[in-house]
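Below: a set of structures, written as structure tokens.
Below are two complexes that have chain A in common, paired first with chain B and then with chain C.
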Partner chain A sequence: MSTVTWITARGLFGRRRFLLLLPLPALLLALAILSRSLGVDPGQWGPAVLVGLGLAVVLPVVSLIIGTGVLGAEIDDGTVVHILTKPLPRWQIVLPKLAVATGVSAATVAVPLYVAGVLAHSVRLGLALAAASALGALAYSALFLALSLLTRRPVLLGLVYVLIWEGLLGRFVDGTKVLSVQQWVIALADRMAPTDLLGTTVSVPVAGVLTALLAAGCTVLAVDRLRSFSVAGETS
Partner chain B sequence: MTTISTEPAAPATPASTLDLAGVSRWYGNVVAVNDVTMRLGPGVTGLLGPNGAGKTTLLHMMAGFLAPSRGEVTLDGAPTWRNPDVYRRLGLVSEREAVHTFLSAYEFVLASAKLHRLPDPEDAARRAIALVEMEGAQDRKIGTYSKGMRQRTRVAAALVHEPRVLLLDEPFNGMDPRQRLHMMALLHRLGDAGRTILFSSHILEEVEQVSGTVQVMVAGRLAASGDYRTIRRLMTNRPHVFAVRSTDDRALAVALIAEESVTGVELGPAGLTVRAGDYGAFTRALPKIALARGLRVRSLTPEDESLESVFSYLVGS
Partner chain C sequence: MPEPTGVIHDIGYQRYTGPRLGRRHVFGALYLHGLRTAFGLGRSAKAKIFPWLVMGIVLVVAAGLTAVRTQLGEVVMTYAQFADTMSWLVIFFVAVVAPELVSRDLLSGVLPLYFSRPLPRGDYALAKLGALATALWLLLGAPQLLMFLGAAFTTDDGMRGVWNELGDLLPGLLYAALWAVVFASIGLLIASLTGKRAFAAGGIVAVFLMTAPIVGILSIMPSRTVNELAMLGSPTALVHAVGQYTLGDLLVPGGQGEDQIGGFGPVYLAVAVLLVAGCVALLLMRYRKVAAR
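And then the complex of A and B:
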């Protein structure tokens, strides 16, 4: 394990805000188990729990907390200077941090989504949801990591994107769906396990290409921004 | 600007030079650093100036954490901005007390050694910790340390790759006198070994114990640079202003103007404003004069002893 990975992981699990991650996946699991045990028709609870809660809330919010935390927290408290005063090419700082963010987000979200998918339909749907949400975690993490280098309020801006763009506009303005990570994840999951539970207007190739582009683009941007990282002047 | 001497002491070992050429930095309309040119060679240099003079901004530009708005900062010819390779030769101890409190000093310094890809990181970490004499507490969490211990730990982390240039922003802030002496001695040892050490400070007395050169910044400009003693003499020989109140101000004014060390007397409603060329001579003469005239001095207050006035005197001269 690289030293950057080690420090990032210790910083992430050592902060209280990590505990914020637990209630959401737990709620997802609880609702799926409750619905299944009460014998409710999966056609009724499936879309609401899997998409409405799982893909529209749990995945982006968990990715937001972690994605803005792996670098943003170090920028906030100034410890990032210790990593930056090393002769490391900046991609060797960004990539391990992105890997930690993606890995932890994917693990936190994919497990409850897998269980919920199995309960709603089949193991295949569970696996498809887990795989698609892992890809979604990568895209979101890259986006929020880059955001933490572009603004001093990454969490706020990230929430605006998730709530306003994906949540509100995505529901009413169809065109915005093409640029919504949530819709890409739905398209990819539906392709891997076709059911009646997931539905989107975004095509699979578009979803795949855009997911890759967003992840790659944001990573390149983050590396470049980190190269020009400025410490705010005290006298300014 | 007063340039006294910018020549550093002769280097004992192959050393690095940090060059600033016409460096300015502004934030919107505010100019934080204004056209600073200096060359830092081996030995200890103090960067002196009142708060808000632009010392931290200048240090950040030296350390590659801020782009100069104009001019260039180079370390042995290579720019420090957007060039992580300079950190092979450069170490930084920033003012902000930012440490990973969940690590022990040893873990923290070892992580630095590993990030530097040193061939034997464990050995390098142990040596750096020994250099700042932190062996006794190296396995305790940094969160339990005093301010001085944290500062030493940060210095150890910045020294672990034995950089030829070490920049320290206000390293003595919050230290008690013993810790200060200890840090001063460490900086001297490093400077004597041929390293280029620059530390910033807004307290004159801190720099006093440093025999090297000083760079004085006032309001974003380099006000003076050169040997500390020369600048110190310049500072003590400046005219001093005193506010004096006595039982008969007018009679005292008449007597004072005959005194050689006095260069000017002003009579005002709040008493006398006396300008003296020599601090010691005037303060010794005043009681004698008052006694001879049967006057009683009610108060004697030096008016311009604030650092800002000392510094701005340097700018004016």
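And then the complex of A and C:
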């Protein structure tokens, strides 16, 4: 475990505000348990909790806050200079940070999704959701990590993607679903455990290839951007 | 012990002898500054990108709706429905503007400078809240005005048509004001908790988005009362329910609103008022604490 990994993890967990992330998965669990215990038909509450809350809100928002936080927080307060001046290849900075971001986001999202999936249908659906959401966390984290190197306002740009591209356009313009991480995760989970709770128009090979491409591409882009990174104060 | 012999020389600094503007002017200046900040006026181009992106999208949508109405004569949505359709953009706008208004001041530690003026603690918070609410109202009101102009100039009934159209527009603007007040008070409260704009924006979006599925779950529970009270679960749905109760047909054509909220209209109205009052009270408490530091 490299020092960068350790510093990043401590930067995330060392603050009280990490606790603010917990209400999201807790709410997911609470709604699933409540619906199950009252005996509501899973066909009705399943899509609302698993997709509407889990994959459309909890996964992107948690990944966004953590993914832009692992490097963006250091850029914001200027301490990124300390890491940049060490004789480390840039990929040894980006990859550990990406690993921490993915690991923490995946753990925060996959565990409640697994439980909700088990309650809604079967253990198989739970495992499929957990695995697919971990892949989704990887893709989102790589995207948001690259964003935090490309722009000074990564959270807002990430929100534009999550809210306007995936949320608003995904509902009205069907074609944009091909380029939506959320739909890829749904497609992958549906492939691993075919149920009628999940449904998407994106085909599985497309989803798999695009997930891998996005994760790899954004990581390479982040390494490249960090190579020619200029530390500048905020101007506006 | 010898007497001190030092002298304070008058080296000619001028004193201010003009009129001193009071609390009202401080409040007004802060409000105006907040409103300009919301749209990035008087700041760099970077600060204008996100507010005007949202403003641009809603105006383009409104222009599209107007074009459909003038060319084909079809009313795609009423003025009041426009606000509901744009809810995700409103959330995004709050996430952009609210941290800009309060989190920057917290981070850079300039609050003691503000409070060294004749400015009560509450006034600072209320001026910012007013600025955010006004900005939100403009965001929802401007497109409605555009739609109104399009409809008014193509009406076939002369002045009576314009008058009817105005009768539809005014409730729409009031409904937009309800949206603005509810979202501004919740958003500003969350943003005032942290100095980091990134975290404030994430928190605002998380709160508004995570509450939406609660409504979906509650509305399929096996109890009719719970179903009818389900829209208490999220701010978006709460505003919609109050709109259904007060506006009726203007918001939900065909009188389907009765099925969703039953006879609980007054409850929704009371909860909305309590929610806003509670958020404002918490905001004022928060600034009493921040100022004491």
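Heads up, the rule we're going with is that the second predicted complex is superposed on the first by the 230 of 236 C-alpha atoms of A that agree within 3 Å, B and C clash if a C-alpha of one lies under 4 Å from a C-alpha of the other, contacts with A are read in each partner's own complex, and residues count from 1 in each chain.
Assume a contact is a pair of C-beta atoms (placed from the backbone, for glycine too) under 8 Å apart; a residue touches a chain by one contact, two chains touch by 3 or more.
Because the structure is predicted, anything quoted here is derived from the model rather than measured.
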Original post:
On chain A, do chain B and chain C fit together or clash when superposed?
Top reply: fit
Original post:
Looking at chain A, does chain B or chain C touch a larger number of its residues?
Top reply: C
Original post:
What is the value, to the nearest 10 degrees, of the angle subtended at the Cα centroid of chain A by the Cα centroids of chain B and chain C?
Top reply: 80
Subject >> Contacts of A:219 with chain B and chain C, given as first, second, both or neither >> reply: neither
Subject >> Partner chain(s) touched by A:53 [first = chain B, second = chain C, both, neither] >> reply: second
Original post:
Touch check for A:227: first (chain B), second (chain C), both, or neither?
Top reply: first
**OP:** Using the superposition on chain A described above, determine whether A:180 touches chain B (first), chain C (second), both, or neither.
**Re:** neither
Original post:
For the superposed model, what is the least distance in angstrom between any CA atom of chain B and any CA atom of chain C?
Top reply: 10
Subject >> Residues on chain A lying within both footprints (that of chain B and that of chain C) >> reply: 235-236
**OP:** In the complex, go through chain C and note every residue touching chain A.
**Re:** 43-44, 46-47, 50, 53, 57, 88-89, 91-92, 95-96, 194, 196-199, 201-203, 205-206, 209-210, 212-214, 216-217, 220-222
Subject >> Interface residues, chain A side, partner chain C - complex >> reply: 17, 20, 23-24, 27, 31, 34-35, 38-40, 44-45, 48-49, 52-53, 57-58, 61, 64-65, 68-69, 72-73, 76, 152-156, 159-160, 162-164, 167-168, 235-236
**OP:** Within their complex, state which residues of chain B touch chain A.
**Re:** 25, 27, 30, 32, 52-54, 56-57, 60, 63, 65-67, 81-82, 84-88, 90-92, 94-96, 98-100, 102-103, 111-112, 114-117, 157-158
Original post:
Taking the complex as given, what residues does chain A use to touch chain B?
Top reply: 3-4, 6-7, 10-11, 14, 77-79, 81-90, 227-231, 233-236
